[in-house]
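Below is one structure, written out as structure tokens; the observations come after it.
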């Protein structure tokens, strides 16, 4: 399968996963935020899904940039600019490319995380999406450096993200809306970390299926 | 959910139509965007002020668009920050060549969306700068956290920075003055009832008949703690105590006071609160230069109030007293 | 009962103190009386306007004391008309030698107490006349009954008669103009929730979660009928239909619109109502000269709204547009 | 007993009766008005009671005028000016008199009713205090014309007032706050008629006891 074709499939699956978890994500946000994370994300990815067809013959950079701009202009809240920036930074790694390799993937992931950090000024341990994404990135990178397959790499990545989500239950939020609750946020899992995990899981599932 | 609406999805759209219908002499809408700008925008040569955020805080922010305050207000969905493209359109529409100042309430979402818009505008060669309002003393401030929220004190920033821009000051100066207001204003709030986001259909939290929520923001999020309902005097004492723990105001200092209703509280109660505010300030020997009582920064139909104290110097006093003519904030020159 | 108060018995007293503390540049209190008068009262040579009634309708009436509107507002207990001695003091304090016009809302108690005060004032040689506002179309008008109530339309009388007095017109003229407004203004209201008089401690009526009360006054009294909650558009249609059944407004006529909140309804909803008002008037070819949206004549924390339509001619248009500078109603000259 | 002494006793008893019926009158007003009739009346008569001592050696006119002015300046609402006017008009009949006779009583009653009618522009059948007062006045007048005793006259008067109160249940209100309810006011007894009956009953009881 061509990289672009696979990418379209992955994004489409991410959108479907987010839609299926709309209520779940919103309920998580109700506990420590303002009950809109699922609603926001679903609104954004629904629009992404609608726009996918128009870019299906474009390069990877264009596809990802379209996703980025759509998320930025429809999601709103904190997660809109964060995920938007992440996709935009990833896009910049593969602009004009129709085929991408393992190294591109590591670099895309790295740039995405740096974008999120730059935009949100958060770090690991602040109880945000980064608590899922950073461990996932580290495991994925290690796996690829060890010459494992992309599928293996994403499997390790999504498992690390899952651990990261579990970890967010144990800590108090320092960034985002949940931080207003201080210690009262402990015991609840972070909605943004959860959506990040769900996205990585969707990538892994798509890759496995497409094999 | 008891609301006079047609459809939870379309409340922001229909509200904006209703505002423009009612006040065409003050505002016009940017077609296709949830943005209200001054009817005479862009004002050539003047620094433009752009603010906004989630809807549900009316009259904030559309009500403050007009002479001496904002040039544009961007309306997100209820309690959801607007997206960068909306803010970007607002910036483009009001830039009069002297640059644009964004007045942002300190919420992660608002800050990031407005900052992205600023980056987009800068790429188009528009001079943009921003200030972040964080007056809510319910939340502890720290560089390692999101920090204090921006609530009712924001209206003082609109008023005073708006007057500075109206006076013809340059962007750097308007920003300096806005930051001075931010450094000198503190707010603390409480509520008796939750509010219901139309799309959610149910209240954001539950409160017993004898309970109140203290130290809450303006998005229906729960506060810092829950307490038995106290008398107006006790509540006011607590709110001011929190404020004065955070900012030093000394004998002979002059302040502006804002007793702000959250949407569902009658003016009668706000004035009863103001009576006690005045008493406490008088006891401390603090002089009240100006008092504002009313619904300035609301949370839909939430019953409750916040008290804001702004420490003044001569520069701020002059700008606070300057003429303003907007939908919801009108003031004759003194 | 969830209220930010100290003591149900003292709400009016404490509110008045809070108002005077907040706005000394606008109003002063007559010592020993629940009367607010202009800070510069009496204004020599000007016809003085005195209004008032039960408290709980804030910003009515104290909020409208100032240049271009009222000279004094008399505050009764919550929803109880003030006694004649209070009104009499108000008359004496504001008479500037050109006579006093009483603006009375049509309730048996208000009418009788104000009339007795007028008689007392006349005995002291003060020229006093009065008008009775009866804009509420929910109640049928008849000389054999108490007739229609006075509700939000009263604010138009304050504004326009106030402008006439400010222009230096004589008592007879000011009265003629006030009566013209009364003849041309109609209001209809509805509510989603009851309100609670502090001294009573419990709501004035009960409404189910899916019910609304239609055609009610502003004292928490039940309305003319109860209905299932409708959409904002349907509600607005009904309110306007009742108004247009009572007063003829033709194509090309010009009107002023007031969408008034009863105290607990967010501005967002009032603007959604205004959107539909505008649509309906446009369909009928009626021109909207000016629109007012906000809490002008409230019922404590009641959620609900009323719509007022005032038919205008050139004289009324000019006076409606004139400058006004009061606590709660400010307008720059056009 | 001197007329003035008796008058003070009567007014004191009226005040006590109103106080005992404060809740009852307020509840009646809740049905068709704004739940304050008992509160308003009690506030007024409490103040009257406080002022009685100061006028106990004055003439009947002064006593009644004091009652009138106190009611006017404390009761508020509709009943304040109405009862105030009634007492004021009655006072005008006996100004400067320390002793009063049967004819004075008829005339006082008549003037009081005329005052209420003048002030409130209501009439019999409008479901107001007049529906108790007018029949009471007619019976009392007839009784005195028939040379019956004052006590007999007030007995017939208070009985007629009671009938009047009962009658108010059958009719719709045309005046006062209850008129907004239109037909919906039928079935409820008028609070003002009730307070009028209670006052007449108090007069009768005092006279009987003082005999």
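When the chains are written out, they are named A, B, C and D in that same order, and each has its own residue count from 1.
By our rule, a contact is a pair of C-beta atoms (placed from the backbone, for glycine too) under 8 Å apart; a residue touches a chain by one contact, two chains touch by 3 or more.
Molecules present, by chain and UniProt name: B, C = phosphoenolpyruvate--glycerone phosphotransferase.
Because the structure is a prediction, the values reported are computed rather than measured.
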Set of chains whose contacts include both chain D and chain A: none
From chain C, the most remote chain by mean C-alpha position: A
For chain B paired with chain C, centre-to-centre distance based on mean C-alpha positions, whole Å: 29
Chain centre separation (chain C, chain D; CA means) in Å: 33
Separation of chain B from chain D, taking each centre as the mean of its C-alpha atoms, in whole Å: 56
Multi-partner residues of chain B (each touching 2 or more other chains): none
Touch relationships between chains, expressed as pairs: A-B, B-C, C-D
Footprint of chain D on chain C - complex, ascending: 76-77, 79-86, 107-109, 112-113, 115-116, 138-140, 144-146, 149, 197, 199-200, 204, 217, 219-222, 224
List of chain A residues in touch with chain B within their complex: 33-36, 39-40, 72-82, 84-85, 119-120, 174-177, 179-182
Residues of chain C touching chain B in the complex: 2-7, 11, 14-19, 21-23, 55-56, 58-59, 63, 192-193, 209, 212, 229, 231-233, 235, 257, 259, 263-275, 278, 288, 291-295, 298, 300-301, 303-305, 325, 328, 330-332
